[in-house]
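What follows is a set of structures for review.
Each of the next two complexes has subunit A plus one more chain, namely subunit B in the first and subunit C in the second.
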Partner chain A sequence: MKFSMERAALLRAVAQAQSVVERRNTIPILANVLVEAEGESVTFRATDLDIEVLDRALAQVEKAGGTTVSAVTLHEIVRKLPDGALVTLAADPGSGRLSVSAGRSHFSLATLPKEDFPVMATSEYDCNFSAKAEVLRRLFDKSKFAISTEETRYYLNGVYMHVSDGEDGKVLRCVATDGHRLARIDAPLPQGADDMPGVIVPRKTVGEMRKLLDQDDMDIAVSVSETKVRFATPDITLTSKVIDGTFPDYTRVIPQGNTRKLEVDASEFAKAVDRVATVSSERSRAVKLQLDEDRLILSVNAPDSGAAEEELAVAYADERLEIGFNAKYLLEIASQVDRENAVFLFNSSGDPTLMREGDDTSAVYVVMPMRV
Partner chain B sequence: MSDLADLPEPDRLTGAPHPRETARVIGQSHAEQTFLTAYTSGRLHHGWLLTGPRGTGKATLAWEIARFLLATPPAEGDGLFGAPPPPDSLHIDPDHPVARRMLALSEPGLFLLRRGGAGSTDTERDKALKEGRFSDVIRVDEIRKLNAFFGLSAADGGRRVVIVDSADEMTNQAANALLKMLEEPPARTTLLLLSHQPARLLPTIRSRCRTLRLAPLPPEDMAQALTQAGAEVAPNDVAPLTTLAEGSVGAAMRLLTLDGLALYREILKLLSGLPALDRAALLSLADSCAGKGKEARLDLVLTLADQLSARLARTGVTGHPPPEILRGEGDMLTRLAPDPAAGRRWANISQEAGDRARHARSVNIDPAALITDLFLHLQKAA
Partner chain C sequence: MPALCRDCLTQFDAGPRCPACGRPRVLRHDELWNLSIAHMDCDAFYASVEKRDNPELADKPVIIGGGRRGVVSTACYVARIRGVRSAMPMFKALDLCPDAVVVKPRMSVYVEVSRQIRALMEELTPAIEPLSLDEAFLDLTGTARLHGAPPAVMLARLVKRMKEELGVTGSIGLSHNKFLAKIASDLDKPRGFAVIGQAETQEFLRPKPIRLIWGVGQVSQDSLERSGIRTFEDLLRWEKRDLMVRFGSMGERLWHLARGQDQRRVTRNAPMKSISNETTFNEDTADPDILDGHLWRMAEKASDRAKAKGLAGRVVTLKLRRSDFRVVSRRQSLPDATQIADRIYRVARGLFDQMPAGQSYRLIGAGISDLVPEAQADMSGDLLDPQAEARAKAERATDAIRAKFGANAILKGRTLR
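So, the complex of A and B:
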């Protein structure tokens, strides 16, 4: 194998690939990136056995072939090379080394045989469709905060992506919950996604995938099967296992009959919650909401450290209500709102509360109250 | 860290290849056949307990089974020409992609459950693991990693195999955590548990597994197994080595690397003079076990002395000596243990000496003193 490419392009490709390599990994081959040159392009592949990232870049290929080399070392070398340099990578089958040269710098890196590298099979997906990066980004960004970190209910450690019935026909829906709060985000169903099996996309995959979605107009090819999910741009392909479990029936926990409506400016609300929560140092800081006609009093009372209170002008026309929430949950939910006012729908101080953005039902959040 | 051979691993025996590098398990065709029959019957049990003395090939067999299961696609009904013939061997070509990946520890369908690094925090354990300092037990944290492995879908929807090396090292907490998965593993999953002392496992673990018993190896198989493991052994030494190692390849490898036969000869010579004891020879033996890096030799001397007193006890009780390991041994055994009473005395001595040695090791007594004490103790019995 021998090829040359520009340093910036090489750096981008290697950086993408190496980000998936597990830092705590002890298995030599899994610390490596699989470099394969063929035709006019070079691919860089890295995996932690659960997620695989494949990066494709154009290069001047002199000789096709492939080898594996330490991802971190290669990344560091390329990063330290001067900008604009032309980098040549050549595998020497005799010594089993990969030589990297740019200008007057020469490196010789130890390699491992590419046959030892686990490559995720790319075949048999039940469903393939294409979606704009912007759409996917909204689906996952707005839901990922609610992903559970608790290991016993492992089926909550991801975002449940599936097809569901929305108010105006079928939608592509992402749901995440940790049992205390829940996020349900809908997007118009992309063409060809009707038969998509519901999959739970693991947290790490959601994080890795996010890096693919920076350009709004980019079309992302999504492929889904019962056991795997793949997101691809022309340059990067991310393949991941999915969580092998059944996502609970979340529709049961989304309240339908909440009628007490509070409308508030989301950022003002978030800032106020943040301020009053300062006095409490406990992990689960409870904030009390006292609602009266067009008036909201937020208060925190921590016997050890002090008390805080703040009043906000809001739109509220129902009877008096006192309800408590975990400050962190309220903050995270309020920060999802970016266009209109936040609308909270309460029932009683013991029932789950619903939050949405204005009258938009394509993003709905549920949060459980706390006893205060 | 580019070479797997340099990687510190808790399940590797010093001086011997790792079980995954051993192409074939030798002398265990009965166990292999039992598994194959269960496989071809189409009703493969998901939990298997591989038992047998240390070093008889449990791990090698487990890796062989794992290779076989992961490399053999599940049969998909009868084709146009009927079902393909059932496999007649567990052997998988070492160049098979699955075999290659397993050797590199990168096969996504395999989970290896073994001891982690020593230490009380995650950071400490990670560091210890890289330096080759291992915990004495399989902790519950290791089992939780298995949880994560089962939590995700199987790679390519295929089989998954878990090797627990060894189940004896699990803490009670870990064993109970494993129990859940042993009861209801995900589809197409096989768990292979290795145990040197199955009686000491939790009964709940034992009852959920089908047992595959591995027998000690006869001398012919031993010669072949030692050659495969890369050891050189003179043809005349094979039979005594097999008896001394009690049919365990692992023990034989240890005897070979530490020159165990010569050591046994030395101990025999020392005891053959009983009730008189050659103090000078004893001192030189004791000295050879003291010092840094001699721990393995010390262990071996203790084991061999223990074995010898057990043989004496057996001679006394049964009235005739067991098969000789070295020439002339029989006469000496009969002379020192002429009747059942003497046999019982030797048995008691053997147990006492063992207890004393264990205690001495736990409080870090000088090895030379320990050896001297042991032999003076034996002298008393004669």
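So, the complex of A and C:
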């Protein structure tokens, strides 16, 4: 194998591959990227056995073939090469090394045979559809903060992507929760997605996929089966196993009868929460919200370190209410709001609270209150 | 040289026997009147209590431990002569000493005796740091004027009263810091009284093995040994900086300990780091129902202790010992600290469910760590488990009923599994 590529294109391809590679793993070849040259293009493939990323790039191929080499080392080398350099990669069958040359720099890297590289079995997908990058980006960006890290509830360690009934017909819906807060984000159902099975997309996959979604208008090909999900751009294909478990029935978690409505400028609100929470050194900082007619008093009382209070002018017309929340959770949901005011719907100080952006029900958040 | 008769507490200047009572149990040391940090360690505490309450056992080898299959929790000195040690599996102990009388521990009795010993210690100083039911550090610095006698006399009187009034014996280590006091109490057991003064500290430690340091277990020992450190003498050859580079914060401590320096104070309540309970089964079991019943009981016990201490934990731990004696432990951090048995149990059960099915175990334990005051615990409910709050309330109500009518007034069905 021998081919040459411009540094920037090579860096992009290798960067995607190396981020999938697990830093610590016991199987040496999983630290490697499989590089294969054929025709006019080169593919870079990396896997952690749960996720596989395949990146295609154009190159001047002199000799077809392939090998595997440490993804992290190759990435570091390419990253440190000068911008605009032409990089040549050549496998030397005699020494079993891969030579990387650019200008006066020359590297020789150990390889492992490409036959040993575990390639994820191709499988049949039940459903294939296409979605704009910006649509997928919104679905996952706004839900991923609520993904649980509790391994004992492994079925919450991802985003539940499925088809559901929205107010105006069927929607593509993403839900994530850790038992303390929940995010439910809807998008119009893309054509051809009607029969998509619901799948739990693991946290790491969500992070890796996000890198495919930077260009708003890019069409992303999505394929889903009961066990796998695949996201593909013309250059990159990301295939991932999904979490083998049942996502809990989240619909009963979303309060329907909350009537006490608070409307507040989300960014002012977030800043105030952040300010008052400063005095508490506890890890789960509790912020108390005292609501009275058109007035919100945020307060924190930490016996060991101090107290803080801040008043905000808000729209609130219901009865007096006192309710406590974890400051971090409040900040996280408030920062999801980017266009309009945040609308909170409360019931009592012990019941889950609902938050949405203005009257938009396509993004709904639920947060559990805290005893204060 | 200052001397003290341990029987009649006469203070005198020299001589092999007490000038007042003529007995030979005499303590002599240059610094005897100046040292004030002590460690009191009861001699085979549980076994002594059993022998006290049942004189027939007096000259028999007695082992305290749970059931046929548990481990030895205490062996009396007669059994120790035969090689029985604490923490030894019971079957091994009985191999060594087939005629041993095995007594099931009566914790409530030991707790009561411990409380009585504590009361005697309280008369000496408020600076008491209990390490367990049967041992404690005491700082008697500055109490000589109050008692009209130096610490050594008061300590000799303490063990004398323990023997006379409570019928249990203890050994005293007296020195100028906790580290040395703890070592000293072990030098002269049972019914011992050992003194390590400032002057001989370095010489005393020099040839001693490093495992003397409390808290240096097999793992640390191995890592020290790889660096050529077996004795305190080896340790003295190291520069402080090199020790810190090699062993981190432990390195700095080792440097000081090598020189017999220990600045830790005797504090009344050393903060607890974890609360856990475990049980060894009569027979190894892989039966999920039996294991589940044990897991619930252990979670409930740990929860009871946490509630009694006003503490809660951010981490739930599960401990298992497999039939081949390998220990497996798993932990799960919680977003919200807890002291509720139901939550501890459910999280531990989740950890258990991740273990390979069908495994056979001999021990199971559950507990909490990363402790915080209970005011910071169980502050929010679980969206996905709306019943959790109701169960927690039921548990609090159960606790209240038990407080009034006794521990068995109300039980969960699974306790009986």
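Throughout what follows, the second predicted complex is superposed on the first by the 371 of 372 C-alpha atoms of A that agree within 3 Å, B and C clash if a C-alpha of one lies under 4 Å from a C-alpha of the other, contacts with A are read in each partner's own complex, and residues count from 1 in each chain.
Please note the rule applied: a contact is a pair of C-beta atoms (placed from the backbone, for glycine too) under 8 Å apart; a residue touches a chain by one contact, two chains touch by 3 or more.
From a predicted model like this one, the values you see are computed outputs, not experimental measurements.
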Overlaying the two complexes on subunit A, which is it for subunit B and subunit C: clash or fit? clash
Just to be sure I read the superposition right, which of the two partners does A:Phe247 touch: subunit B = first, subunit C = second, or both, or neither? neither
Name the contact category of A:Phe140: first (subunit B only), second (subunit C only), both, or neither. neither
Using the touch definition from the top, say if A:Phe3 reaches subunit B (first), subunit C (second), both or neither. neither
Quick one: classify A:Phe269 as touching subunit B (first), subunit C (second), both or neither. neither
After superposition on the shared chain, which partner residues are touched by A:Phe346: those of subunit B (first), subunit C (second), both, or neither? neither
If you stack the two complexes on chain A, which partner ends up touching A:His180: first (subunit B), second (subunit C), both, or neither? second
A:Glu151 in the overlay: touching subunit B, subunit C, both, or neither? Say first, second, both or neither. both
With both complexes overlaid on chain A, does A:Tyr316 touch subunit B (first), subunit C (second), both or neither? neither
Once both complexes are aligned on A, which of 2-10, 326-334 or 398-406 in subunit C overlaps with subunit B? 326-334
Note: overlapping subunit A surface for subunit B and subunit C spans 151
Inside the complex, what are the residues of subunit A that reach subunit C? 149-153, 156, 177-182, 248, 250, 253, 282-284, 286, 324, 326, 350, 352, 366, 368-372
Would you pull the subunit A residues touching subunit B in the complex into a rising list? 24, 26-31, 49-50, 70, 110-113, 115-118, 120-121, 151, 154-155, 157, 202, 225-228, 241-245
Subunit C to subunit A touching residues, read off their complex: 314, 332-337, 347, 350-351, 353-354, 372, 376, 378-385, 389
Residues on subunit B engaged by subunit A in the complex (per definition of touch): 1-4, 7, 97, 100-101, 103-108, 126, 129-130, 144, 147-148, 150-157, 186
